[in-house]
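In the part that follows, the structures are each spelled out as structure tokens.
In what follows, chain A forms one complex with chain B and a second complex with chain C.
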Partner chain A sequence: MVDSNKEFDDLERELRESLAPRAAPLGFANKVMARVELRDKSAFSLWRWFTSAALVTAVLLAMVLGGRWQQQRRQRIAGERARDQVILALRITGSTLQAVQQKVQQSAKESQP
Partner chain B sequence: MNKSTEQFAETLEQHQGRVFSIAFRILGESGAAEEVAQDVFLELHRNLPRLASEDHVVAWLRRVTCHRATDVLRRRTARRAGAMEELQEEMAQVPLPPASSPLMNRMEQLLMTLPPVQRTIMVLRYQEDIEPEDIAIELAMPLATVRSHLQRALKLLRAKAERTLKEYIRG
Partner chain C sequence: MKKQIIAALLALAMLPGAAAFAQTTQPPFPVTLEKQLAARASNYTEVTLDRKMLEFASHFMDKEDDAEGKRIISKLNGIYVRTYQFDKPDQYSADDLAAIRRQFETSDWTSLVKQRSKNAGDDSDIYIKLAGSETQGIFLLNAEPKQLNFIFISGPIDPEDISQLVGHFGIPSMKVTKDSESKGSK
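What follows is the complex of A and B.
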């Protein structure tokens, strides 16, 4: 029993000694740092891609909305101009009719005995 | 190089041997071990700001390395239709990179003949010098199971070592 325990102790001691950490392979740290850098770069370029895409979308949206607003504004101005012209035409017609009516009434008065 | 990258580089320099050794002694293959160790450090780079102290970093590295190496073993086992014993024999024959002593090489080869769980527990116990109670916590395993794995692994190793390591152990 004592021998068996001693053998276990010897084996455990031997295991501790022989299982000391090994050195990492040559250039291990450099490879890890390169992968970290690469990942950071690709994450950055992904972020940059998203930012550019968002910017382009915003510009396109602004252009579309601006174009639509311009179009509506032009239509509104044209409508107002047309309305003004109609009103002017109605005014001219009204005053012309009034003049004609006055002339008619005047000649009617002159023709009465 | 900013402060966090500098801190990461220091941690990498300090613990690369430990992480590689755990992966290597669980997997028995330096290529796969290096890949696992690199992945562990990449994950550490993401998590380093959340780890409060050096002790947390070491515990985190051990836990993640064990889990990743075990995952690789599991995938490898699932891929191969052959029996586990066959796989273990095959792994024991994988050429090992140079060690600091022939005894280290021989002990690692013997370790490879153990089942993966026992191998992981042995690495944590004798490489990392962790008490069984802490191994149980790190591997989320009952303490009694850890103790019984340790006993069984020691018994197996002793039987094998008797044949091959007599000249070293008995001096």
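What follows is the complex of A and C.
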């Protein structure tokens, strides 16, 4: 009986000691706050890196697509101009041939008795 | 002696290249006097379309009306058009025309039409270049008192195709239109 009381007392004392309020070590709060800030900072810089990369990619893509569009536009204009030149050349050729044919026909008519 | 042999060998080695160079540097449009005539003209049109330009243009000839033209130019090496309009007659001489004709009076070319007039003011010529039974080029010269037209078509072409141009591209089938094509101006 005496032994069991003693054990109980020991347990109680140990519990009291364990659960007794203790003062935080010096600088504990500052250390915790510093770690929290560091974690926030790294998360922020990662986010910033992603945003910058996305922005740079978007700008590069816009430049490439814009350049290609501009090149295609220029090529189309040049092509349409070349087509117009072909049509003009064929038109002049046709009308010149027609003029020559008429002259020949006229000459043939005049030379007939 | 050794140097001379090396020089001779080098010259021999360069012969095919020189021949190819001479072929490629041959003026595509053999008509001279272009600058002089342009200087005297009040309006002139010069259209120069070599094979590359014709190929490039054909990619953009996708309209229904372009089909005939696209077919005609598909095999050509070039189309060269020169039209000169003058304010007054006598801005070119018979000698000018003779100098131009001389360039087609070679064994390669055959005169198909030869129309002569007093003072060369109404002359016409059609020359064709034959290779076997195939026409490899056509040269048209049409002189009016106040207008000169030269057309040089290089490459395989059926003369019938040119005749068929009449009725296409705004060329009326019967009526001859003069002085209506020139777009360039001085």
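To be clear about the criterion, the second predicted complex is superposed on the first by the 99 of 113 C-alpha atoms of A that agree within 3 Å, B and C clash if a C-alpha of one lies under 4 Å from a C-alpha of the other, contacts with A are read in each partner's own complex, and residues count from 1 in each chain.
By definition in this document, a contact is a pair of C-beta atoms (placed from the backbone, for glycine too) under 8 Å apart; a residue touches a chain by one contact, two chains touch by 3 or more.
Values in this document were obtained by computation on a predicted structure and should not be read as measured data.
Student: Quick check for you: in the superposed arrangement, does A:Gly79 touch first (chain B), second (chain C), both or neither?
Tutor: The answer is second: A:Gly79 touches chain C but not chain B.
Student: Looking at A:Arg16, would you say it contacts chain B, chain C, both, or neither? Reply first, second, both or neither.
Tutor: First partner only.
Student: Pick one for A:Ala24: touches chain B only (first), chain C only (second), both, or neither.
Tutor: Once the two structures are laid over each other on A, A:Ala24 reaches chain B alone.
Student: Answer with first, second, both or neither: which of chain B and chain C does A:Arg35 touch in the superposed model?
Tutor: In the superposed model, A:Arg35 contacts chain B only, not chain C.
Student: Just to be sure I read the superposition right, which of the two partners does A:Phe44 touch: chain B = first, chain C = second, or both, or neither?
Tutor: neither
Student: Indicate the residue numbers of chain A shared between its chain B interface and its chain C interface, in ascending order.
Tutor: On chain A, no residue contacts both chain B in one structure and chain C in the other.
Student: Which of the residues in chain A come into contact with chain B in the complex?
Tutor: Interface residues on chain A, with respect to chain B: 7-8, 10-12, 14-25, 28-29, 31-33, 35-36, 39.
Student: Sort out for me which residues of chain C touch chain A in the complex.
Tutor: 45, 47, 49, 53-54, 56-61, 66, 69, 72-73, 79, 81, 83, 113, 115, 122, 124, 126, 140, 142, 144, 149, 151, 153, 162-163, 165-166, 168-171, 176-178, 180-181, 183
Student: Which positions of chain B touch chain A when the two form their complex?
Tutor: Counting only chain B, the residues touching chain A are 5, 8-9, 12-13, 16-21, 24-25, 30, 34, 37-38, 41-42, 45, 97, 99-101, 103-104, 106-108, 111, 122-123, 126-127, 129, 154, 157-158, 161, 165, 168-170.
Student: Mind pulling up the chain A residues that touch chain C in the complex?
Tutor: 76, 78-80, 82-83, 85-100, 102-104, 107
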